[in-house]
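Note that chain A is present in both complexes that follow, paired respectively with chain B and with chain C.
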Partner chain A sequence: MNRTLYVARSPRIAARKLGEEMLVMSAQGSTLFTLNPTATILWQAADGATPLEEIVQRRICSEFEVKREDALRDAESLAEDLAKHGILLISEEPIANPPAKEQPRP
Partner chain B sequence: MPGLAIQVERCSVVIAIGGIPVRVNTTDADFLEMLQTRYAGFMGAESDAEFEFDVDLSPSASSNRNADVSVEHRSGRWFMERGSFRAEWNPATRRGTIYQTPNAYSIDAVLRIVHTLLLAEQGGFLLHSASAIRNGKAFLFAGVSGTGKTTISGLAPADTTLLTDEISYVRKLDDGYFAYGTPFTREPANRGENTSAPVAALYLLAHGLQNRIEPVAVADAGRELLANMLFFAEDPDLVHRVFQAACDFVHRVPVYRLTFVPDARVWEMIG
Partner chain C sequence: MSVLLQEMSDRALRLGVPFSAQLDLTYRCNEQCVHCYLDHDDHGEMTTAEIKNLLSEMAEAGVFILTLSGGEIFMRKDFFEILEHARALTFCVKLKTNAVLVREKQAARLRDLGVESIQVSIYSHRPDVHDAITKVPGSFRRSVDAIRFLRAQGLKVVIANVLMTGNMLDHHGVRALAEELDAQYTLDPTITPMMDGDRSILDLKADVSELRTLFRDEAYVGNAEEFCAPPPAPTEDSMESLPCSAGHTACYISPYGEFYPCVQFPLSCGNVRQQRFIDIWRDSEQLKEVRSIRLRDLSSCSQCAHGSTCTRCPGLAFMEGNMRGPSTADCEKSFARTGIPSKNLLAKKEKAQPARLVQIQLVPAITGNRLSAMDSSTSAVA
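So, the complex of A and B:
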């Protein structure tokens, strides 16, 4: 049986889209990351309330020509990778605290 | 006991870097003289001091001389420590204490850290870069050690005012970004002028076979700016401020890659 996962942006990061690239800086080691397009979509949609499966269906499968099952497996792997770097939070329950917001371009 | 009381005379200087005056109090006349010499040209008036530090010249200030710098925010105060010093600072009271041996490098390090914290509050930063004023505009030349900061500073023509060959001081004011001169340098003879000008461009330095200026994509500019910013703490709020300061800067100030050969003609392309 598939588990339902929820993802939220970590409050310990700062993020901003510069040009076409999403830069994310983690307070953990002051490390700077550049997210690829899929990771950017996942990060932007990670509100802690929408199941990962729904994010994949609505935001990734509609954007890229990819099977839903493959996209979900890749998204889970990506989310776990981002979580290891302190960028995303993952839970099997909705994540209550409001996530960090991407700063708008001035 | 009458007659045995010793009055300790407290002396102070006001060190004004980036237009932010910091009073430093000490009871040691030799240390005071060292400060006056090292920060000559950056002395402010007593009445202008906005922040204040007492220096305790304790021989036990250092526990591990080789330790990395540590900057932590706890209970409203900043705690800074490295091998040769430890310090604490309360931004709310604007006061702090530095525990160090009588050397110039420790207080210089504390001042750099304090200024990075103050600048971050306002969207500014310290940057590993040379900077200079030409025709009323400031130009920053950033790069890690060995990329040519000192070289390009040394090649500057006579109509140029050198702000620093090592650590640039950038403030965000109501009417844009301004670069200020700093005394932060390993060689006191290379100390910058205590003046400022609006920042016209940031150049990312690279060595090459010919002089060339190319625009840098905004994301690359942001990455390279962040890589060259002086940044000491892992505090989430501070990380957020520093990151946003870099992103704001590259959106508002042109950033170029400056490839140059080490001769003075490179300055024909600047200013």
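So, the complex of A and C:
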């Protein structure tokens, strides 16, 4: 895929990190999801301003032994899946009004 | 609770995370419900800044489900400022309110802020009965209108129907009203003593015969035969079980910053005005004591036939004088459900036998004018 994608957490979700996983609840029908550690990294970096490609390069490829192309493909697939459930916003333009800052765990 | 949410709650327990918390923003209220356990005067509520700071600490500690309650939450002029902050911290926010102050504008704002659900208290489908309980004429109409506004915004509304002597027969009507309003419905026959220990409002609670009728109502309990079945014998596993989530994955903060294991468990564990939320959660000696208690440690309940199935509330037991003792209200529920008295109820019955100060036994034989055997027993009976 040659397009530049931006991702942002939906403002209509509830989320909290519990151990290594991220717990996310969609306001749409109170659906609950858990994100694995890799998906959590993507989720936390989804500020609406940083291109997905850059997130993958900086946050995924630097921490996991994975090819950049594979990681980007997986990240796009994950982002689209999360967007279908209304918990992530995807755009080809930077997304204004970035979501609330995720709280770090102690 | 969904399977996944239960799984997350179990994980929170293993990790020692306060997964859910109730924060009462105020004890002030625009209704004066006959069964309310609160003192509605303001004795120094936390300021907006204090509450925002507390919410940040709670998010940092891992609280996910945040219930904002009161008193009446909309009595606080800064309510939406607090709610905005809570949602910016990505809490799953649930509200408890009488909704009297909720009109179209407030409902739309609640939707925009992504509130998970709003619980509204409705006591009867009959306006006069509801208004007699809230002591506010017109409150039924205001609350029902508010539910319509909230539902029109697509928000999840739960009608909470507290049952007591004055509205015991109305739960079918309230359930039908909930269906008409496309709201969820929950019923609770628990009346809680006043927070200062005054137990006089318990006179309003449903008696055992009323509970018995309720517990055989399949609209409420599902399969009544199953619900009212005799309890199975407690197992080794059940003896090791936790009484409830209070202090384990849940906690309660009063408008004055007092930290308790639960809204119904007034054991002060610290004050968030003096200590960080996480420090109280981790280090409070009171919480450590609450967390140490297992069913096997309970003085009466560990020996009771209902031990493994009872809904015993440790907070109500605490208010009766012993957090390891029985909660009589729950003993009564177990009795109403199964017809089998709890160990506590049997002990109370024994104590309540008419006290005879002097017991005199007949003397079997008399020689002359003297008693042949001075075996008459004379004893004081407690």
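By our rule, the second predicted complex is superposed on the first by the 99 of 106 C-alpha atoms of A that agree within 3 Å, B and C clash if a C-alpha of one lies under 4 Å from a C-alpha of the other, contacts with A are read in each partner's own complex, and residues count from 1 in each chain.
The rule is short, and it goes like this: contacts are C-beta pairs under 8 Å (C-beta built on N, C-alpha and C of every residue); 3 or more make two chains touch, one makes a residue touch a chain.
For clarity, every value in this text was computed on a predicted model and none was experimentally measured.
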* Check whether A:Glu20 is in contact with chain B, with chain C, with both or with neither, and answer first, second, both or neither. => first
* Is A:Ser77 in contact with chain B, with chain C, with both, or with neither (first, second, both, neither)? -> neither
* **chain A residues contacted in one complex by chain B, in the other by chain C** => 11-14, 16, 18-19, 23, 25, 27, 30, 32, 34, 103, 105-106
* What residues on chain C touch chain A, complex-wise? -> 2, 4-5, 8, 11-12, 15, 17, 19, 56, 59-64, 87-93, 114, 116-117, 156, 278
* In the complex with chain A, residue positions of chain B that touch it -> 217-219, 221-223, 226-227, 231, 234-236, 239-240, 242-244, 247-248, 250-252
* Asked: Inside the complex, what are the residues of chain A that reach chain C?
  -> 11-19, 23, 25, 27, 30, 32, 34, 100-106
* To do: Going by the contact rule at the top, pick out the chain A residues touching chain B in the complex.
  => 11-14, 16, 18-21, 23, 25-30, 32, 34, 103, 105-106
